[in-house]
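Going in written order, the chains are labelled A, B, C and D, and every chain counts its residues from 1.
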Amino acid sequence: MSDFTPNEMMTIAAARALRNDDVCFVGIGAPSAACNVARLTHAPGITLIYESGTIGTAPEVLPLSIGDGELCETALCTVSVPEMFRYWLMGGRISIGFLGAAQLDRFGNINTTVIGDYAHPKVRLPGGGGAPEIATSCGEIFITLKQAKRAMVDKIDFFTSFGHGEGGDHRQRLGITTKGPTLLITDLALWRPDPESKEFTVTSLHRGVTREMVQDNCGWPVRFAAELEETPAPTELELGTLRDLQARTEAAHQGGRRG
Amino acid sequence: MAEFLALSDAVARHLKAGDTVAFEGFTHLIPHAAAHEAIRQGIGELTLLRMTPDIIYDQMIGMGLARTVIFSYAGNPGVGLLRRMRDAIENAYPRAIETIEHSHSAMAQAYEAGASGLPLAVFRGYKGADLPRVNPAIKSITCPFTGEALAAIPAHRPDVTFIHAQKASEKGDVLIEGIIGVQKEAALAARRVVVTVEEVVPSFKGLHPNLTILPHWTIDAIAVVPGGAHPSYTHGYYARDNAAYLDWDRISADREAFSSWMQSNVLDVGPEVFAARVESLR
Amino acid sequence: MAEFLALSDAVARHLKAGDTVAFEGFTHLIPHAAAHEAIRQGIGELTLLRMTPDIIYDQMIGMGLARTVIFSYAGNPGVGLLRRMRDAIENAYPRAIETIEHSHSAMAQAYEAGASGLPLAVFRGYKGADLPRVNPAIKSITCPFTGEALAAIPAHRPDVTFIHAQKASEKGDVLIEGIIGVQKEAALAARRVVVTVEEVVPSFKGLHPNLTILPHWTIDAIAVVPGGAHPSYTHGYYARDNAAYLDWDRISADREAFSSWMQSNVLDVGPEVFAARVESLR
Amino acid sequence: MSDFTPNEMMTIAAARALRNDDVCFVGIGAPSAACNVARLTHAPGITLIYESGTIGTAPEVLPLSIGDGELCETALCTVSVPEMFRYWLMGGRISIGFLGAAQLDRFGNINTTVIGDYAHPKVRLPGGGGAPEIATSCGEIFITLKQAKRAMVDKIDFFTSFGHGEGGDHRQRLGITTKGPTLLITDLALWRPDPESKEFTVTSLHRGVTREMVQDNCGWPVRFAAELEETPAPTELELGTLRDLQARTEAAHQGGRRG
């Protein structure tokens, strides 16, 4: 495909990272689109779980909230929210957890709580929701983020969820046994943690993206892998699937409008 | 014992100024009508407890009725921020509020602990996160078998919980289905329970044995309010009004727009308006 | 990922000598066929975990396959004592067994803790009771909020859990309904899970959204064994064989009668006999 | 009614003690019969809960086990066993818990675990099941027991469940906030704890029963209330209801017999 947006590339790259036997804890927005594109293309057997309690959902349209009726109607089953967090998330049954970020640092630590001081914030953000335990209970964490200097910062204002902390073996030192962030998918590139330092390192640039563009939209000095790949452009199937999904979604969300 | 009451009587009888109250609902079955009735009655100084304070808590905070909010995710679901709540936290408008913040996992388990008569919930959580630094209610205990430090938080024991449900039987048993959220736990953890329902049916005979039911003797009052979850939805009755959630972002962004919307859509009307609001969503 | 296997293969592949194993079922859906297969294969030195060790554990203990039993109520439900288990405890026949004893509440919550990935369960229990005196696995923690001493016990994490259920879908998802007991928790707490089912259906499409289902990726093996819970029952399929429970009291009272019963009803037959045993109970 | 057995009197006396708005945690045997007689006579609104998870059951026949299908089929709803113990029992929602006993002392402490030493018992009994927490979580405890010297003993061999301990305020001293045993119903008499000492005291003799008969079948020196009543004999309705229930039960339990 010749024509695609950076957001489309981000979503499709995230979809590709998912395997047929993954069990994903899905968030709203890019993760939801990515997980469903994966399900509708190469990973029909993937299990999608939304924290509202729906297990094994297969929505026709993307939900606006994590608890839309569509999720329940297409799910294998729907459990209570306490059960979701106890047996399914903290029970260690999720292979991939998706997180977004208002602020992200180079070690995959995430802030979605406040900009500024906690007690007197400049901006009060929604907060962590499930993120503190998603970050430590899922087998691996994938982060999706539209790159911007104010989002990718040297020091985040608040540790809403823990990534690799100060890097290295910081997770193990806290007794956390899961892998943490293993992939960062932005609208410009794919990033993976350095095996030793755990600092996010660009391993693949999306088509048409330069190193400078990545650095210009990141608040820390970017490390690039020795062998830098180009992310394959979306295939017709991938892009068609994503756009169809979004068109169906838009049509559905227009509905139900009253005067 | 469940008593069938008009919503205004149910709220007046069971919600008092200064109470800790949960209006629970996880995206589905959010008790909007009950919250609007509380706003109309001007019951204030409330400690609002909820995993996902969304539009209704934004409205109660914007009306100055909240003293404290205990929560884990303060967003307009799928849309963005809660602008009235932000205004209260960032600018103390219309008044300052205290916030006590947890994770979803913690909140869900604090309700479960409350329902189980326990003083605390114990779980593997908050590792490496900053919330324990700013919320003194997050403590830790050491597992006597493994030596692991686990998070401990106080159980939720609201004075009163409001929920919305599909059906009540004539006896006052209440059925919840679809995305059931944390409502059963929130109800069983509370000292008093008020439920709004879409309809009353003769009995639940013939329903599947494992459905989520609150027996009538766990409930204090039931009010029949068709459409009472709008713009949230009631599985099997009407769909979510996504457009209303998008609208809220605009209305709540402006103090004047908010006040005038609350006047005409909440203060000047009664619970009977909800039925009409969901007509096109059925 | 659930693999459909013959029961003999499922047991041979997933149960090893020395394992901690739960054959769970709370009066309903007791996995008799699976336990009989384990007995036929002579898999021994087992730690048997179950709230209500009834006939099947009496049989496994009587056959000398158990080293330890962890339990909360060792009775023939509605009939009386477990005579083979008594013989082992009182007379070390056919061998001595170790017992680790809890209350029902403790056992249920230990499974729940295991399913939740926790190392322990914490609850208000055992106050004034003697079990903490004789079971060193019962400890206590102090609530950091109220100062109350609460009971703490280790989570259950069986090597393998066997359960019986109504249906599997062709994908290997498993449906349990009626008295669901502690089976979901026992399965999710285990490292490996083997399920016997009455039948396989194309899918669960159209069933109620809130039914108790174990997704195929939580299960290791499924064996289709119609009647596999007999003389326990399967809700919707066949009734409990109360007479067989009464018979067991007589059979198990005598070592010789026991041995000869086991020979002809377990060792000399295969899982296919269960279908015939429930024919008159359907 | 002129003709009734001591066991029938015991069951009917227990039934009478139940109120229309009680929520009862029912055991098998005499409690199950008593609770259902109450439901079928003066207390149609009573809620019967069996620990198998069935809430608000109304069985046509008495279950042989606490998890018979009949209980589920006639219940308002059926929950998991962990939920039963967490939200319903320990959550403090049961007003009356019934317990039986192999050994009972004068303070309502119960043994159903072992006769003799725990490690080397003379008789290994089934154990406590739900009793340890039933005894402390229910609003009140009713005990039913067929009197015998070996059952009503000076000192029980094992505290399976706690009654009033050594008497007096022993429960409060352990931080237990529920009332504990408030009624002992035997085949000979009704007993209630003394308000101060908490020792079980005979307050009512069943018809035809003498003080001597009560003492001859009790292993401790029996205290009798100053004003001793006679338990009213079963009414025709009570006795008919109980006998019908037992006849239906017997017929049902004969069924399902194979060769």
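What we mean here is this: a contact is a pair of C-beta atoms (placed from the backbone, for glycine too) under 8 Å apart; a residue touches a chain by one contact, two chains touch by 3 or more.
Keep in mind that what you see is a predicted model, and the values were worked out from it rather than measured.
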Chains in simultaneous contact with subunit C and subunit D: B
Comparison of B-D and A-B by number of C-beta pairs in contact, larger one: A-B
Whole-Å gap separating subunit B and subunit C, where each centre is the average of the chain's CA atoms: 39
Centroid distance [mean C-alpha coordinates] between subunit D and subunit A, Å: 57
Distance from the mean Cα position of subunit B to that of subunit A, given in whole angstrom: 28
Residues of subunit A engaged with two or more neighbouring chains: 72, 78-79, 86, 90, 137
Where subunit C touches two or more other chains, by residue: 112, 116-118, 123-124, 148, 178, 180, 184-185, 209-212, 235
Category of the chain touch graph - line, ring, star, complete, other: other
Touching residues (chain side subunit C, partner subunit D) in the complex: 26-28, 51-52, 71-75, 77-79, 81-82, 85-86, 89-90, 101, 103-105, 108-109, 111-112, 123-131, 134, 148-149, 178-182, 184-185, 212, 233, 235, 239-243, 245, 277, 279-281
Touching residues on subunit B, where the partner in the complex is subunit D: 1, 112, 115-118, 173, 184-185, 188, 204, 209-213, 215, 217-218
In the complex, subunit D residues that touch subunit C: 28, 51-54, 63-69, 71-72, 78-82, 84-86, 89-90, 113, 118-119, 121-133, 135-137, 158-162, 165, 170-171, 174-176, 253-258
Touch list for subunit D against partner subunit B, complex: 21, 23, 47, 55-56, 72-73, 75-79, 86-87, 90-93, 137
Subunit C contact footprint on subunit B (complex, rising order): 116-120, 122-124, 137, 139-146, 148, 150, 152, 154, 177-178, 180, 208-212, 235
